[in-house]
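Each of the next two complexes has chain A plus one more chain, namely chain B in the first and chain C in the second.
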Partner chain A sequence: MPREGSPWRGLGTVILKELSDHLTSARMRVLEWLVVLTALAALYGAIQSVRDTTAQDPFLFLRLFTTAHQPLPSFVAFLSFLVPLMAIGLGFDAVNGEHSRRTLSRILSQPIYRDALLFGKFIAALATLAISLICLWLLVIGLGLFLLGVPPGGEEMLRSLVFLGVTIVYAGVWLALAMLFSTVFRSAATAALVSLGVWLFLTIIWPPLAQGIAQALFAHSDEATMLIGGQVLARLSPSTLFGEVVLAILHPATRSLGPVYLDQLQGAVMGAPLPFGESLLLAWPQIVGMIAAAILLFVAGYVAFQRQEVRA
Partner chain B sequence: MTDIILAADGLTKRYGDVTVVDHVSFDVGRGEIFGLLGPNGAGKTTTILMLLGLSDITSGTARVLGHDPAREPLTVKRYVGYMPDEVGFYDNLTGIDNLSYTARLIGIPSAERGKRITDALARVGLSEAGGKKVGAYSRGMRQRLGLAEIVMKDARIAILDEPTNGLDPQASIELLELIKSFKQAGISVLLSSHLLDRVQSVCDRVALFNNGKIALMGTIAQLGRQVLGGGYAVDVECQGGARLADRFAAIPGVRKVTEGANGRFHLLCERDVRPDAAREAVAAGGQLTRLELDRAGLESIYTHYFQSGEAKREVAHAA
Partner chain C sequence: MSPTSRLFASFIAVALLTAPAFADDTASKDVKGIYLLTDFPAVTVQPGTTSTISLQLKNYAHAPERMTLSVDGVPQGWTATLLGGGQPVEAAMPSTDGSVSIDLRLDIPKTAQIGAKTLTVKAQSGDTSVALPLTVTLAKDLPAKLSLQPQLPELRGSSHSSFEYTMTVKNDSGKKLLVSLAAQAPANFDTSFTEAYGTQEINAIPVDAGKSKDVKLKVTPPDGVDAGNYTVTAKVAGGGASATTAVKLDVTGEPKLSLSGREGLLSARATAGQEASVPVIVTNNGTAPAENVKLSGNAPSGWKVKFQPDTIARIAPNQHQQVQALLTPPAKAIAGDYVTTLDAAAHGNTGTANFRVTVTTSTMWGIVGAGIIGAALLIMVGAVARFGRR
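On to the complex of A and B.
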């Protein structure tokens, strides 16, 4: 059945309204401070370590992101933990919040389609996350310049920019998940709990569990099959994908994200960095996988929202 | 009321095996106030959502201003103003900001927006509260803001779901006055309610919903004749007096006499029989303490219809 008019009617209005809601909300302010403070702590630790040890490192700036200084984890580790939290925080009440405020049927009785409302909410939340992450990124680069006194090289900038983009995509995956649950569950508290539960499961429990499952499944195969099988299963989690991308992009010496046979190492100069293009190529499947996951989750939420009854 | 601007024909909604709205047909003319009345869960809101294109129609057709809400929802929603039951606004925004958001969704040009919002707020008496956050609004103010939205939208049809629900008597009278002013402006109004006595004062015609079907439809006078078997009901209280019930029943024009406790009688009749009833009561030697004409109100039609099985048979006779 063809519909009249464009599904994007009113999209810009929804985006602007949601964006201003997010940027002025107390929730966003708390999340921002949480991220900034923890990231600064990690950065400070990293700078301490970097100054002590690797004065000759060609990728000094990337070390800012990845170096951990006991007892603090690295900046990247912090981010991979906090970005999902922020995304879930912005998305868990996207649709059910409109239900409980009783605004949904009133807004949908205006001449717009549901598409505009859901997509507008997604774009606005993603833009909010992107703004925070870009600020954070600039903060890190600026502090790095200031405290290390060394300008970053072109390739370092390129790699850290890719890292920024990938982090935004990663945030999009969790945002789409949270919005899916906000559509499926009528109570915001349930949606938040389920989102957080799925996140904890996929981030903390799934990677070791995947190894266990692979060991059980491929008990009679050779070791390589078991390793690869475990890796394939673990990669179902966006956290694993993000971790691998970070490894490939921010550690230029990474040559492979899977097991390597001895004969493949022939002629390799161990510890030598890969060119930027090769590193990107290495991480490309993971990046595409994350984008696909975000799209799939959003589509699932979209379908659920389209089929949902407006009334409670 | 010659041209019909909203029509439902055999409108049906099923969820699996459950039929929520069952072959509902009615129409609303230009400038008419039409009431959908009935108990909660009778299918009123679902009918409204189908007319707005917000809920799929299982079978039957709906036409709003000549458009099909399922195929042309944008056109329909442009000309129909809807105020849902317990209408909600964004509490963190002011009344003006809330309306401004809706105005942008509607596509009102920015040059006109300010004036139309101010005018709409003035019309519903919220000029001063417009700059306050909606979180501080009372229930009645929210309802009025909902009406302001419809005014601002310049809607041809206003669909109001339970507009007086949860309001104190004063606030609901004010709200009903506003709704009446819609009619004067040529806007048709479709309103649903389970609060009958308040609604009957504004409705031109009503449809009584029961279990997803329209049980009765027409003007209140028509319904009164149909259900109560007469247009009038007279309450009599009389102490003493012999065989009063028989005497009352013998008065020409009385259809039915119900005897209550303590000498109370309820007469259903085709005309105002108060003088005759008084004469009979006195002639029987009774002390007449109360004599009151109860013009067939929706409340009595409604209670009579839904609560007594007898009424249904009477309607069958009347029809």
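On to the complex of A and C.
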């Protein structure tokens, strides 16, 4: 039966309900504590390192995000690992949970369209992730002010805000993927396992595998083609894209994310930071890729959900 | 006195009038007897000093004999001592065809009157007696006298060159002098003295009596001094005497070029693949006009550097001219800072400036990215419209 009227009707109700469910659920609390504790450990290590070594750095605050203090990885490395986990944790039973609780037909008998239900679930989960990431970001800035005693500069704030936005987008990609699987698989356990499997594959196995594939594909080409081919393949993984964006935004001296010919570096002033706009332009394709991937994955989940039989 | 001794005495007089070498060489064959000799039988000394006169007692073909020595005619207050081997002696005994060296030491009081005195040194034995009259003239010392002569008194050069004058210091006085060296130059001119063939700077140089020495005066004008003639006066002084001489510098002017951006800015912005126009100001800080100033640039490979115009006909001293530098980074340039060197050259004088060029990349791909996101949203809207259902 075709929809009549706005697909947004009832969206606000769904968002508020889902948001309150998420924020009070034990699952969310466990995930938040996991993220906060590990991030704090990484941040503390970074502050120790920053105090010892890089007092003269013009981008001292950005070092808080990227400095690793052995044996702990850096704050950014923690986030790139834990943000997908949080997103999958929130999204893997979005639709099939309603099925198994047999509440879906009851909700849809209310004046709420399927569109609004799925949109609402996605927006509420993304808002939950955004709230915890913003809290985490404020925690970093606050602790940095408190322990370093140096106020951050305007460009540092801009760069870290862009980093915050990119992290939310990155969470959105994995959330959309998890919701797609929660629609496709009727069992929540299957959806969770498949989501986690895809995440582990794309994050850990795919980058080295992409290099291997490129070497096999471009065996008779020159070195540059092989490098570029490997990079293009590796960029199919959102983790690679996120890593590259972080490199461009949080390391202002980064000039290029791809291979560079030596003659392009002639006369270049090494180590000079790029202006903010240039860094953003450098990372822009990666950011676009992540946003587009999030939208397309969501659309796939949406189409699957719209075509599904709900009266089971 | 016996006839032979008289003959000897007259012979001594002859020998003293000619030369001791004559007595040594020729007299040793025909001359026999004992002689008392000295190189200079008439000397000039100053009151209040001690002077020593060398004497020799020679024996030609005569049996060794003990000769008693004495000095007659010593004026009041003077002390005359005969020394042999460093000790006072009263007699000497020259062997046959041998000689004995004797010194006559005269201690002359300060109060001694100016004038000539004659002392007679005598050597006597039983039948032989020789006498040697010595004339001692008391006189004041010779006054010290110095002269200073430059070899090339006028030099020409630019304000960057150093002017080196070789000068001869001559000591025309009777004793060795320590001559101090000084030079008086216009304000901020740097002067120094060195040895003629050395690099060590010196303030004073010892010059032996009657000798001369070469010294070098090095004058360095201050940077950017006006063109013109300057005079430096060199002065030597020592022992109460002094001498001066004047040397001249003819400093010619020269242009001095410098480059900068407008208001001293040395940075510029350029977009990859597009020409950027950077205003460049060429200034002549020198003392002469710069003619035919050529502008050139040294940029990383792949860059194009042009100037509008690329030659300036003339820049007067303390004037400046503005040109436009047109920089084109290659289309594939990576964003970031690059160093480009711009030069302005005129007659060997070059002004250089390092410009820091910030290359920005085209924002076209940013718009393409926004288009991709828009396409994804369109797909979503299409899906909502196509698949939306109750």
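Keep in mind that, in the parts below, the second predicted complex is superposed on the first by the 308 of 312 C-alpha atoms of A that agree within 3 Å, B and C clash if a C-alpha of one lies under 4 Å from a C-alpha of the other, contacts with A are read in each partner's own complex, and residues count from 1 in each chain.
Here is the rule we go by: contacts are C-beta pairs under 8 Å (C-beta built on N, C-alpha and C of every residue); 3 or more make two chains touch, one makes a residue touch a chain.
Note that the coordinates shown come from a computational prediction; the quantities given were computed from them, not determined experimentally.
Chemist: Under the superposition described at the top, does placing chain B and chain C together on chain A give a clash or a fit?
Modeler: fit
Chemist: Could you tell me if A:V303 is touching chain B, chain C, both of them or neither one (first, second, both, neither)?
Modeler: second
Chemist: State whether A:S256 touches chain B only (first), chain C only (second), both chains, or neither.
Modeler: In the superposition, A:S256 touches chain C alone.
Chemist: Classify the contacts of A:A292 with the two partner chains as first (chain B alone), second (chain C alone), both, or neither.
Modeler: second
Chemist: Output check: A:K17 vs chain B and chain C. Expected answer is one of first, second, both, neither. What do you get?
Modeler: A:K17 sits against chain B, while chain C stays out of touch.
Chemist: Of the partners chain B and chain C, which touch A:A272 in the superposed model: first, second, both, neither?
Modeler: A:A272 sits against chain C, while chain B stays out of touch.
Chemist: For A:Y113, is the partner it touches chain B (first), chain C (second), both, or none of the two (neither)?
Modeler: Both chain B and chain C are touched by A:Y113.
Chemist: Using the superposition on chain A described above, determine whether A:S105 touches chain B (first), chain C (second), both, or neither.
Modeler: first
Chemist: Please work out whether A:L281 is in contact with chain B alone, chain C alone, both, or neither, and reply first, second, both or neither.
Modeler: Second partner only.
Chemist: Taking the superposition as given, does A:I205 touch the first partner, chain B, the second, chain C, both, or neither?
Modeler: Once the two structures are laid over each other on A, A:I205 reaches no partner at all.
Chemist: Is chain A touched at more residues by chain B or by chain C?
Modeler: In the superposed model, C touches more residues of chain A.
Chemist: After overlaying the two complexes, what is the shortest C-alpha distance between chain B and chain C, in Å?
Modeler: Taking the overlay as described at the top, chain B lies 5 Å from chain C at its nearest C-alpha.
Chemist: Residues of chain A that sit at the chain B interface in one complex and at the chain C interface in the other, please.
Modeler: Touching chain B in the first complex and chain C in the second, residues 1-4, 108, 113 of chain A appear in both lists.
Chemist: Residue numbers of chain A touching chain C in their complex, please.
Modeler: Interface residues on chain A, with respect to chain C: 1-4, 7, 108, 113-115, 255-256, 260, 263-269, 272, 274-275, 277-278, 281-282, 284-285, 287-288, 291-292, 295-296, 298-299, 302-303, 306-307.
Chemist: In their shared complex, at which residues does chain C touch chain A?
Modeler: 299-303, 330, 332-340, 356, 358, 360-361, 363, 365-366, 369-370, 372-373, 375-377, 379-380, 383-384, 387-390
Chemist: Which residues of chain A touch chain B in the complex?
Modeler: Within the complex, chain A touches chain B at residues 1-5, 9-10, 13-14, 17, 21, 24-25, 101-103, 105-113, 309-311.
Chemist: Could you list, by residue number, the parts of chain B that touch chain A in their complex?
Modeler: 45-46, 49, 52, 54-55, 70-75, 77-78, 80-84, 86-92, 101-102, 104-107, 146, 149
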